[in-house]
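Same chain, two partners: subunit A is paired with subunit B first, then with subunit C.
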Partner chain A sequence: MSAPAGTRGGPGIAPLAAGRRPTWGRRLRGRQDRNLWFGLFVLPFLAGLLVFVYVPIAWSAYLSFFEARATVTPTKFVGWANYSYLLSDPEFRSSLLVFVAFAVLIVPLTYVCSLGLALLLSGLRVAQAFFRSVFFIPTAVSYVIAAMIWRISFFNGGRFGLINSMLRQLGGSNIDWLGGANYGYWVALVSLRLWLQVGFYMILLIAGLNRIPQETYEAAAIDGAAGWRLLRYITLPQLRATSAAVLMLLLINAFQAFDEFWNLLSGVNGTYPPYGRPPLVHLFVISLGGSNQDLGLGGAGTMILTAIIVVFGVAQNWLTNRGVERDER
Partner chain B sequence: MRAVRGRSARVLVVVRYIVLAVLAVLFLMPFYVIVRNAFASSRLIAAAQWQWLPDQWNLDNITQLFTNSDVEMGASLWHSAVMAVVQTGLTVVVALLAGYALARNTHRAARILSALTIFTLMVPAAVTFIPTFVMTSALGWIDTFRGLIVPGMFSAFATYMFRQSFLGFPKELEEAALIDGANPWRTFWQVVVPNSMGIIGAVGTIIFIGSWNAFLWPMLVTRNGTRTVQVTLSQFMTSQLVNYPELFAGALVAVIPVLLVFLFLQRFLVQGVETTGLR
Partner chain C sequence: MQITRRHLLTAAGGLAATAALAACGSNNGLSNNSGSSSGGSSGGSKPTLAQWYHQYGEAGTKEAVNKYAASYPDATVNVTWYAGNYDTAVPAALLTNSFPDVFEYGNGPTLDMIKGGQVVDMTDVLGSSVSKFNQSVIKRLTFQGKIWAVPQVIDMQLLYYRPSLLNKAGVQPPTTFSALVDAAKAQTTKDMGGFFAGNDGGVGVLGNMFVWASGFDQLNSGRTGLGFLEPNFYDSLKAYQAFYKSNALLKSASKDWFDASPFINGETAMQWGGLWSMPDVQKAFGNDFGVLAFPAMGSSGRPAVPFGAYSSCVAAKSKNVDAAKAFVKWLWVDQTADQVDFANSYGTHIPSQVALVPQCTKIAQGPGKDAADMVAKEGFASDIMWTGPIGDAFNSAMTNVIVKGADPASEFKPVGDKAVSELKRING
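Let's turn to the complex of A and B:
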C-alpha cells in the first residue's frame, strides 16, 4: 500500500518497530493515512455546508435578536421582539395556516393518487413503460411553466380559459378562480402540484411494491385473500417504510412551497395579494421583497420555520421507529 | 366458475386500460396546451370559447420572442444552460467524494457528518433562503454565476443518495486496486466512479432538472447579467407588456431541453430509486 508522496514514513509499521507510541500527527492521520483521505474527500462538502448553510443560519439566528433594516449588520439589540412580533402577527399566523391547509390537502391526495397509479401499473403486461413515462414526465416541468398554463389557459378567472368555458357549456357561470373572492385558487394550487409531482412518488412507490416478495402474495392467495383484503393486509403493511418516506418528503416539500403560489397568484410587476400566502412567500414579502428589507425579522422567521420543520422530522422519526418496534414485538 | 372468473378478469383488464388511457390524456393535456398556445394567436388564447386547435398554426411567435428586446430570451437560455450544467457537474463531484468517504468510514467524525447530512436533508435550502441570500450578498456575488451556482451545490440529498449506493458497492474491487498500489484518490476515480454510472446518472438527472427549473434562488440573486429562463418567463408573464403567444413560445423552448434530458435519462432515475431505495 503506497502512501502518497510527501506523507511517507512507513504508515503503521515504523512506530511499532520503534516501540514508541505514535505521535499526535501520526494518530491524526490514522492507519494508512485513512483520516487524511477521509478529510480530503469530505472537505469540499463540509466546507460548503458550513459556509452556505450553517454559518448563514447562525448569523441569521444572531441577527434575529437585532433590528437590521436594509443592512446585514445589526443595529439595535431588541431581544425577542422580532419573535414576539412575528408570532403575534396575524399575517404570519395565517401563513402558517395556509401551509397547514395546503399540507392537509396535498399530502394525502398525492399519496393516494401516487399509490393508485402504482397499483394500476403493477403487473401490467402491455404498455406499462409507456404509461409510467406519461405519468412521470410532468416531473420535468418547472412550476413557473405549469403555473403559466394553469393561470392563463385552465383556471383563468376571466371569460376565457378551459374550465370556465366548460362550466358555461354545462349551464354554469364563470368562476373567478384566482382572484381571492372565493377559495377557487386552492383547486388550481392543488391540481397543479398534483400533476407535477404525482409521477415522482409513483416511481418511489413502484420501487417499494417491487420489493414485496411475490411469495407473500401467493401465500395470501392460497388462504383465499383477494382484492381489497390483499391491499389492506399485505400491500399496505409491507409498504410501510416506503410510505413513511414518501409522506415525509411530501410534507417537507409542501412546507417549501413558493414557486406555484408566486406564479399563480402574484400580480403585475411582482406584487402579491394578501390571501394564499404560505410561510416562504410571506417571509420573502416582509424581509426581501418590499422596499424596507428587514433581515432581523427575516432571521427570526427563518428560525421559527426551521424549528417547525425539525419538530416535524423528529416526530416522524419517532412515529416510524415506534411502528417498527411494534412490528418486532 | 373458472370461466366466469376468467371473463371478469379480462373485463377488469379492459377497464384498467380505459382508466389508464383517460388519465394519460389528462396528464398530457398541459403539454398540448403549451404547443397550442405557442403556435396560436393572442385572439385564440383569449377567446371566450375554448378551441382545441388554432385556426392556423402561427410559426412567427418563436422568432418574435427572440427578437423581443423586452424579454432577452436568448441570453436567459444561455444563463440557464450554464447554471444547470455547471451546477450539476460540481454538485455531483462534491457529493460523490463525500458520499464515498461517508460510506467507507465508520469512525466518529464520519458518523457525525452523516448525521449532519441527514439533518440538512430535513431542513431544506428553501427554508433558509434569507440567511444564504445575506451571505451571498455579503460576498458581493449578486448577479454573478458564482452567486447563482455555488450556494446551491452542496447537496445533502445527493450526498445521501451516493452514500446509500456506495454502502452496497462491493469493497473487493477497491481492495484489489489498493493492493496494486493505487492510492484512494486514484482508486476512487478509476474503479469506483466508472462502476457507479447508474446512480450518477440518476442523481445527476434530478440535480439538472432541479437546477434548470429553479425559481426562488435565481429570482433573488439574478439581475440583468445572469437572469435565468424561469425568472424571465415569470416576469414576462406578470409584466404589462405580456404577449401570450410569445410567452408560451418561451415555455415551449424552455421545456424542451429538460424534457429531452428526462426522456433519455429516466431509465437511470427509475433504476437509481430502485437500487438506493428510499426506505
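Let's turn to the complex of A and C:
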C-alpha cells in the first residue's frame, strides 16, 4: 500500500502541510485514518451486537411487563405479574436448585480435570501437540450429537445400552439411567459435559501455565521447593487470573445449559420430565413448549436469570480481586 | 492463497447467486414465500397463495401436495414443505411478514392464534358439508361456536396384540385395564415383555389415556378447572403404578412407542403404537394381529383412543383471505378423490369425511376398519384450553406418581390449583 508523496508522513507523523489547520473531516478520521479504519472494522460487529443481542435483551425486558401471548407488540400491561408468577412457581425455584447442583458438580470437576491434563501435558517432552489435539477434539462435537450418543448408546436403559451390557458382563443388572427412578441421569449429564468441555479449558490453562516465567520455578527449586509445594505456592497463585476466567466461563456455561438436558431427558412427545430440569429448560417448557407462545413469561424468566448471572459474576470478580490484593500485600 | 478484493467480490457474488437460487425453489423452507403479504396477486389475474405443510415422513407425500396445489385452477399456490420444528415455526411466522396464507396445524389453530385474531373462522367453508366429517374431530376444532379449521386426515394411536400369543397364553383380548395387566403377565417370557408403551414406561404417551379411560375429561364442563381429580382416577393411577413395577411392562426397547419395531421384533407381546405402523405390522404378521382401544380403567371407565388431525387454517392477515378459504374448501371439502389419495397412498391415515373410509383400501376392512370405528366412537383429543403449563404440570405429576411411586392425590392437587389459575389467566 503506497501513499501519494506529500500526503502521508511516516508512522506517528501527522500528515499536515505547514501552517494549515486540518479540516474537520480530516481530524475526525484521525491519524493515518485510524478512526476511519477503526469504525470500518468495528461498526459491522457493533451493529450485529446491537441488532441481535442488545435489542432482543431490551425487548425481552419490555415484554416481561406485558401479557404477550403470541405477539411481540403487546398492549396489555401487567406490571410485575409475570415476575411474581415465576418467583412463586415452585418448579421454577426447584429448577434453580437443579442449576446449583449441576454447577457444584460440573464446575470443580471440569476445573480439576482440565488443570490435571494441562499440568500433565505441559510436563510432556514428546508428542505434546498430538495429545493436546486428542483432548481438544471433543470440543468440536455438538452437544446435541453427543447427547444423542449418550442417550441411545451409552446410557440406554435397556439391555442394548453399552454400559448396561458391560454391567451384565460383570454380573450386574440393567440400570434405568435416564428414567428418573434413580439419580443415574446425573452421571450421564456430568460425564457428557465433562467430555465435551475439558479439552477447551485445558488449552486455556496450558496458555496460562506457559505465561509463568521459568525463572520463578528455578528460584523455587533453588529454595528446595518441589512437587506439591511448587504447585501450591508457585503454579496456582500465578494461574489465578486464568483460573478466575475459567471458573467464570464454566459457571456461565453451566447456567446456560440446555442442549444436553433437553436431548438426554425430553420425551418423544415434546414433554420434559420433572427431574433434572434446569432454569432454561423450565422456561422453555412453560413459555414456548409445544405451540405455546407466552413471551411475557419467557421475558420475565430471562430477566431473572440475567440478574442472577450478573450477581454471580460481580461476586466472583470481587472475590478474585480480593485475592489479588491480598497477594500484592 | 492470497485473498484479493476480487476474490472477496466473487465470493460475495457466489453467495448472492446461491441466495437467488434458494429463492427460486418454492418449497425449501428458506424462500420468502409469504404469498399475499409480499407477493400479492401476480398480473392481476390469479391471486398467489402460500401454503405450508410440515414434513410428512411417508415417501411421495410432498409430490402429492404439490400436485394438488398445481391442479387448483383459481389461484397460484406455492407449497412450502417445512422440515424442522413446524409447531414452533408457524406461530413465529404468523408474527412476521413471511407467513403462510393457508397452513396445516395439529388439531387446528391454538387458542393463542384464535384469541390473537391470527386465524379466520372457517365455519362457512364447511357449510352444510360439516355433517359429512368425523364429529369427534369437528368437536375438537370448534371453539365458542365457531369451527376454526378444516380437517385433512386423522391419525390415531391404538394397542397392537397378536391373537396367536393370546391363545397360547390362554387369555382373551383385554377390554378392561385389569384384563390388560393379566394378559401382559400371561404373555411375558424371559425374552419378551408383556406390554410396551415407550421407553419412559408409557408415562408420556398414556398420561391422558388414564383420564379418558377412567371416564373423565381433561377439563370440567365450564373449563374453569380440571375435570378428573376424583378417587376413581387416583385408583387408575395406582393400578398403573403397580403395573409399572411388574416385569410385564417393558420399560426399555430398541425403539420408542411410535415405531412398531419392538412389537415386530418380538421384544413385546403387545404394544401401544400408531395407526401409521399398521402396514409394517401387517407385513410382519399377516393376519396374526389385532388392534384395541386403551381399555376401560375402573368401574366408571370406558375404552379410549387419542386422535390428531392436521387441519387447514387461514391466516387472518392474508391479503387474499377469501381466495385462501376457497382453496381450502376446494381441496379438503370438495376434492374427495385427492383426500382418499392423501389418506391411503402415503402411509395409513383415516380420511376426515366418514363416507370416504370404505374407499381407503388399507382401512376398509379388518384391523384398519376397527381403528377407523374407534376414532368415531371412542376418540379423544386434548382440550383446546389444555395449555402448555397445565400439560407440563400434569406430566410432571404423572412421572412422580408412576415412576417415583408418589401418592396420586397429593401430587395432583397442585396441578388442579395451577390449572384453575392458568385457566383464569387465559379466560380473564
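The rule is short, and it goes like this: the second predicted complex is superposed on the first by the 285 of 329 C-alpha atoms of A that agree within 3 Å, B and C clash if a C-alpha of one lies under 4 Å from a C-alpha of the other, contacts with A are read in each partner's own complex, and residues count from 1 in each chain.
Assume a contact is a pair of C-beta atoms (placed from the backbone, for glycine too) under 8 Å apart; a residue touches a chain by one contact, two chains touch by 3 or more.
The model shown is predicted, which means the values in this text are computed figures rather than measured ones.
Chemist: Report for A:91: first if it touches subunit B alone, second if subunit C alone, otherwise both or neither.
Modeler: So A:91 only meets subunit C here.
Chemist: Does the superposition put A:285 against subunit B (first), subunit C (second), both, or neither?
Modeler: In the superposed model, A:285 contacts subunit C only, not subunit B.
Chemist: Under the stated touch criterion, which partner chain does A:108 make contact with: subunit B (first), subunit C (second), both, or neither?
Modeler: Neither partner.
Chemist: Have a look at where A:237 lands relative to subunit B and subunit C in the superposition and call it first, second, both or neither.
Modeler: So A:237 meets neither subunit B nor subunit C here.
Chemist: Let me test your reading of the model: by the given contact rule, A:131 touches which partner, first (subunit B), second (subunit C), both or neither?
Modeler: The first partner, subunit B, only.
Chemist: For A:139 in the superposed arrangement: first (subunit B), second (subunit C), both or neither?
Modeler: In the superposition, A:139 touches subunit B alone.
Chemist: Kindly classify A:172 by the partners it touches after superposition: subunit B alone (first), subunit C alone (second), both, or neither?
Modeler: Neither: A:172 stays clear of subunit B and subunit C.
Chemist: If we overlay the two complexes on their shared chain A, which of subunit B and subunit C does A:269 touch? Say first, second, both or neither.
Modeler: It touches subunit B and subunit C both.
Chemist: Which subunit A residues are contacted by subunit C in one complex and by subunit B in the other?
Modeler: On subunit A, the residues that contact subunit B in one structure and subunit C in the other are 72, 158-160, 267-270, 287-288.
Chemist: Which residues of subunit A touch subunit C in their complex?
Modeler: 69-72, 90-91, 156-160, 174, 176, 179-181, 267-275, 285-294
Chemist: What residues on subunit A touch subunit B, complex-wise?
Modeler: For subunit A paired with subunit B, touching residues are 1-4, 34-35, 37-38, 40-42, 44-46, 48-49, 51-53, 55-57, 59-60, 63, 72, 117, 120-121, 124, 131-146, 148-149, 151-154, 158-162, 165-166, 195, 199, 203-204, 206-208, 210-211, 241-242, 245-246, 249, 252, 255-256, 258-259, 262-263, 266-270, 280, 283-284, 287-288, 295, 298-299, 301-302, 305-306, 309-310, 313.
Chemist: Of all residues in subunit B, which touch subunit A in the complex?
Modeler: 16, 19-20, 23-24, 27-28, 30-31, 33-34, 37, 45-50, 93-95, 97-98, 100-102, 105, 107, 109-110, 113, 116, 120, 122-138, 150-151, 153-154, 156, 159, 178-179, 181, 183-185, 188, 209, 212-213, 215-216, 220, 230, 233-235, 237-240, 244, 247-248, 251, 254-255, 258-259, 261-263, 266, 269-270, 273-274, 277-279
Chemist: Which residues of subunit C touch subunit A in their complex?
Modeler: Per the stated touch rule, the residues are 87-88, 90-92, 94-95, 105-106, 110, 112-113, 115-116, 118, 198-201, 203-205, 251-254, 256-258, 387-389, 391-393, 395-397, 399-400, 403-404, 414.
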